[in-house]
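Look for chain A in each of the two complexes below; its partner is chain B in the first and chain C in the second.
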Partner chain A sequence: MKFKTFAAFIGPSVFMMLLFIAFPLVSVFQQSFYITQPIYDLVEVETCTPGFLTQTCVTETQSVPKLDEEGAIITQTEFVGLQSYRNVLELGRAWDAVSSGSWAAFQAIDFWKALRFTLSFTLITLPLVIGAGLAIAVMINSAAKSVRGPVIFISLLPFIITPVIGALAINWLFRGDGILTAAMEWYLQRDIAMFAQAWTIEILMMFYRVWHVAPFAAIVFYAGLQTVNQDSLESAIIDGASRWQRLKYIVIPHLMPLIVFISMIHLMDSYRVFEEIVGFSSQGHVISLQWLTYDFLVPDQAGNRSISRASASAMLTMIGIALLLVPLLRRTWRDHQGGH
Partner chain B sequence: MKLKTLLAAGVVAMSSTAAFAGCAVENSVPLKSLSAGFEAWKAVTDAMGECGNFQASLDQEFREKQPEAFAAKPSLYQIGGVANATMIPLLNAGSIRPLDDLVAKYGQNLTPNQLIKVDGKVMAIAMMVNAQHMMYRSDILADLGIAEPTTWGEVLAAAEKIKAAGVVDYPLGGTFKTGWNLGEEFVNMYLGEGGSFIGEGNMPAINNPQGVAALETMKAMTAYMDPEYLVSDSTYVQQQFQQGKIAMANLWASRAAAMDDEAESQVVGKVVMAAAPNGSAAPASSLWWDGMVFASNMTDEEADAAFQVAMEGIDAEMVSANNDAAVWLIKGYTPGKLAAGAAATAANGAAPYPASGPMGIMHTVLGNGIADYLNGTKDASTTLADIEAAYMTAAKEAGLVK
Partner chain C sequence: MSAARALQQPLPLRLTSNAFLALWCLIAAFPIFWIMVQSFKTPVDAYDSNALNVILGPETLARGHGMSVLQILLGVGAIWLTIRLASRTLPSFVRGSMDGGLQWLGWIIGASALGIGSVVALFGVVPWISDVLNPMVGPLGVDVVGLTTEHYKTVWVERGFFRNFQNSLLITAGVVTISLSVGTLAGYGLARSGSKLAFWILIIALIFRALPHSVLVAGYLPVFISSSEWLAPIFGENAPTLYGKPFAVIAVLVAINQPFTIWMLRSFFQNIPAELDEAARVDGCSHFQAFRRVIMPVMWPGVITTGLFSFLLAYNDFLVTSLLLDAQNQTMVPAIAGMFNRETTTTDQVVAVAAAVSITAPLFFLVMVFQRQIVSGLTAGAVKG
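Let's look at the complex of A and B:
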């Protein structure tokens, strides 16, 4: 292909990538080093608010932002270096907690609490998603041709459901005396509260994520299974290999590139775990890094929001994902080199 | 359904709109409003709509949209619905106008109590108040011979008796959902102990004996509550009441009507509205008002029209048609038994919610930080110290603390 044709094909895509991904990223990166704040004046203000019959008036000193002639709030932007990162990481407190050997104190710091959950969520669901995906794919593959369509459709259903809706559905099944909690209570003959402690919520979240993502892995693996060399399988059968041995020595090595692919997608997705936190409203017990960024961004009632800390936290999340991907990328790189 | 019933229903529906259609002003200026979406706002904006050329947005996310929408030139909405706290960003940005001249011209029917004054100028018109107050099952308390509890000490004692009797799943309900709700519970308790949140120079001032006392009362409550209290919001507590699962709760006045809603509630007529229990100094509750503000960035003609239409929305006629939808501040309101709790709470001297910029931050960090104490991860003074530290970080970033 001529370079010109190539450029014409790829140009719009590169432009979009720059506009919608690269520039915002640069902007977030930059904002994480600056803070923008209004300039406040201290003013004595008398405020009168209704009681049920008469008003209450209070006079107090309030910080009121200065306005320019246009009526807009005057703001100043200041370079603060790594201050926002320090505010998010709270390294001083974290170090004190670690050196005094107190896990509880360490986990009382938002960022580290979120990191602990995010990492365990990501690393525990990863093998489960791959295992469940492979199992479903093998099941579809060995189903009779006539029922294969419906089986594929049914096993894809969880993946089609909108994540927040799916999380809410599981939430309602287990919340309070939800149907499934009531069923477990009846079976075990004891009172169960699934949302009263962190570990039960975490199990529900992981269960939900695996249930939701496994079909995607399954459909990719199923496509891979169609290209397994039938001759090798047949000769393995003739050699007396069991079903398990055929899976282990022929099918899985063949699917390895796909497994790496699914792992990468899953690491990237689940490190940004967010819907589960919102859907299960678990903030009191469990938070994730992505939720932390979101929480910084949500304005409180008085309209304050922490854009700089949100930017810093978003950058840290990106760095986290990049670090997690390193082993897999290295593997892909080695395979790539080996192939040529 | 039979044709006859359908026809009858149609006639009733038509006659009810006919009764409403009495809007004194014929509005010719296109107007829009943005407010929260609960029952009272629906009643008010419906009444405003009868004047014509009026479009209401009832939106639970209004507080995220309002500051930007009102700062636009011209403002995207002429009329805004706000409460104590949500007025602050609009006030700070100067995007709502003083109303003194409009009140003088068209506000004959307003009571002085309705005029929200900031620095001597009327900045908003209040229409209703809301507060968390005691609701309890009169049948259960009467059976067990418990008098109406008036302090948190008495509430906890009553909860112990109810637990021992085992008549309900959980003696107490509470809006303890992490975030805004949990923050508000602390605000109430802390005001009940007579504390103040922000000190000189916007410094935090909650790490004190009153703060510890407030936390300890909250922790004592959790022993009598559904163990999943950190996910329980107002609607959840309301449903627990309606399904007869709890006996007492400090719940919002705006939820009172739901207790007697025969379509949902199994405890119609059994829930009594009483004053918020006292802490050691004052009622453990804060008074909220809801009302209307008007954009700065619109023409004076638009402001004239908007104010007149708004007055039609909060007139005596609307109140008489929706008497129990809220605790109205408007002339013509007859407080029924559903409003008794809010009225008694105010009469006992409950403080207004101390809305301000720093308080917005304080409320957020409280809402995020208290769960650690209730979970048992931290003790009370560590929790409060950590909350103060989180406040300092956010307040410095916002420029409120040097």
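Let's look at the complex of A and C:
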């Protein structure tokens, strides 16, 4: 294919990606060093209230945003260097907390709290998703042919459901005296509040994520199981390998590329954990990195969005993505070199 | 023979395995099943701590909303018929009677007709028939299970969820159409070119796929809000503010979706032998004609599968739509988030549950019709690594 035809085919797609992905990325990077604020004037305001005999007057200086001729607030953008990063990281406070050895004080800072949750969420759910996916795939594979279709249908439901709704559905089972909380209370004979402390919420969030992603892993593994070499399985049987040994030495090595693939996808996706925070409305106890950026972007009571802080926290989130991507890109690069 | 027998599991193992599979199905389906049950009950029943009361709904029944055995039978029959039509008849009908180019149209028309038909059958025809028949069948016509559709009426009519539904429909339709037309071109180009550039584009797309969406939205927001200023030199007086406009969100979602779309379509295109293009080229087609007349007709399964995943992305999105659309143009998922943040009374909660079920129902339907395509899509990218 000539370059010109190739360019015509990929042009629209590349253009869209440049305009809506690459360009915003650059602009976020730039925004993180600037801050846009209204210009404030210090104005002396005299407020008088009618009193007995004379008026009571109070004079105070207020900072009032400057307005232009049309009454719009004038803003100015100035270069602040790393100030927004400092505001997000709060290194001084973090360092004080670390040096005084107080984990609670350290976790009171939003960014570090979000980082701690995001990392533990990613690392704990990974083995669970792989394990659950493998188990389901092996069980579907050994089930009778007639039940496989319905089972796959049911398995697809958690995967396909809107993430916010899926999280809500599990939230409602436990919220207040939800049916499962009531069942646990009846079983343990004590009061349980699933949403009063961070760790129970985190367990529910991780459960939701495994419930949501395990079907995807299971279906990919199930497809992989169909291509296991039957000859090597048979020779393993003749050599007297047990069921467990066959799984360990033949099936799992065969599925290894798929396990790596699922792990990569899962790491990328769970690092972006966000919908769980919304669905479980856990922002009071647990937040994630992406939610932090989202929160800066949502207008506050005065209607201002802290764009520069959002940009700084977005850039800090990107560092993690970059670290995650390095092994994946190295692998793809190796495959590419090997393929030619 | 001995190998085949040895591969077969001994009975205890098979029983355990099947028991665990049943347990998994229960875990997978229970939360969804439960919100569905709750949405049809009065608040007292929906939040009863006794599971049986939630399912049977005595309080709902006491208020005069109930179903008789006959109605239950009719309802189950209607659902069974829908499942049957959706998973068997519709796919084979569309595949059998339409040729390649028009198949997608057949899928859309068939699926929406079936969807609307089943809603009408469940909420219109079944109650109507049973109202007529209930007095005639004696004990079978007495209400036994409490069930009410009032929360759905509240959500769709009073809370204006219908407008959110229209917005969702507009945005998903836009995203699917544009991202498929842009994506098939790129996917084909990338599959047929072995150049270094194609490889690098794929790698960069992979990096883009990993980006958190909030990072991108942080880039759009200031630009979109002030767009009437910087677009003024081009459009003059009527320069639009992109913030809050559905078409801007469509463009954003298409772009976010592109990396995934081109990877998936590329892997489908690679399964089509390149000899087919060459034959068309020998017969005098240009590259574009070969693509349009020879490759696309055999590519429809891949396009439909990729379209499904584009649909899911646009339909399920919360972050982008909630930040870039204002209240009037809001789609369903962010709207429900606003609904449950407001929830103060248990009635409001059940209304939010009904809204959640309304969002899930089309997806449920989608899995029924397109199960095979979804499975093939999940495995397409993966099996080749």
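Keep this in mind: the second predicted complex is superposed on the first by the 291 of 340 C-alpha atoms of A that agree within 3 Å, B and C clash if a C-alpha of one lies under 4 Å from a C-alpha of the other, contacts with A are read in each partner's own complex, and residues count from 1 in each chain.
Simple rule for what comes next: contacts are C-beta pairs under 8 Å (C-beta built on N, C-alpha and C of every residue); 3 or more make two chains touch, one makes a residue touch a chain.
Just so you know, these numbers come straight off a predicted model, no measurement behind them.
Of the two partner chains placed by the overlay, only chain B lies in contact with A:A196; chain C stays clear of it.
In the superposition on chain A, A:V98 contacts neither chain B nor chain C. Once the two complexes are overlaid on the shared chain, A:M256 sits clear of chain B and of chain C alike. Of the two partner chains placed by the overlay, only chain B lies in contact with A:D300; chain C stays clear of it. Among chain B and chain C, the chain that touches a larger number of residues in chain A is C.
In the superposition on chain A, contact of A:S281 is made with both chain B and chain C.
In the superposed model, A:T49 lies in contact with chain B only, and not with chain C.
With both structures placed on the common chain, the touch criterion links A:Y40 to chain B but leaves chain C unconnected. In the superposition on chain A, A:S27 makes contact with chain C only, not with chain B. Shared-chain residue A:Q62: touches chain B; no touch with chain C.
Within chain A, the residues touched by chain B in the first complex and by chain C in the second are 176, 281, 298. Taken together, the chain A residues at the contact with chain B in this complex read 35, 37-40, 43, 45-58, 62-65, 67, 71-73, 84, 87, 104, 107-108, 110, 175-176, 193-196, 280-285, 295, 298-304, 306, 308-309.
Only residues 1, 3, 5-6, 8-10, 12-14, 16-17, 19-25, 27-28, 31, 36, 135-136, 138-140, 142-143, 147, 149, 151-158, 160-166, 168-170, 172-173, 176-179, 182-183, 186, 211, 215-216, 219-220, 223-224, 227, 233-234, 237-238, 243, 257-258, 261-262, 268, 271-272, 274-275, 278, 281, 289-290, 293-294, 296-298, 305, 307, 310-311, 314-315, 317-318, 321, 324-325, 328-329, 332-333, 335-336 of chain A touch chain C when the two sit together in their complex.
Chain contact summary for the complex, chain B toward chain A: residues 63-64, 67, 71, 84-86, 88-89, 92-95, 112-120, 126, 129, 177-180, 182, 202, 226-231, 236, 287, 289, 296-297, 327, 329, 342-343, 346-347, 351-352, 355-361, 363-364, 368, 371-372, 374-375, 377-378, 386, 393-394, 397-400. Chain C makes touch with chain A in their complex at residues 2-3, 6-7, 9, 13-14, 17-18, 20-21, 24-25, 27-29, 31-32, 34-35, 38, 47, 49, 51, 54, 87, 182-183, 185-186, 188-190, 192-193, 195, 197-199, 201, 203-223, 251-252, 254-256, 258-259, 262, 287-288, 291, 312, 315-316, 318-319, 323, 333, 336-337, 340-341, 349, 352-353, 356, 359-360, 363-364, 366-368, 371, 374-375, 378-379, 382-383, 385.
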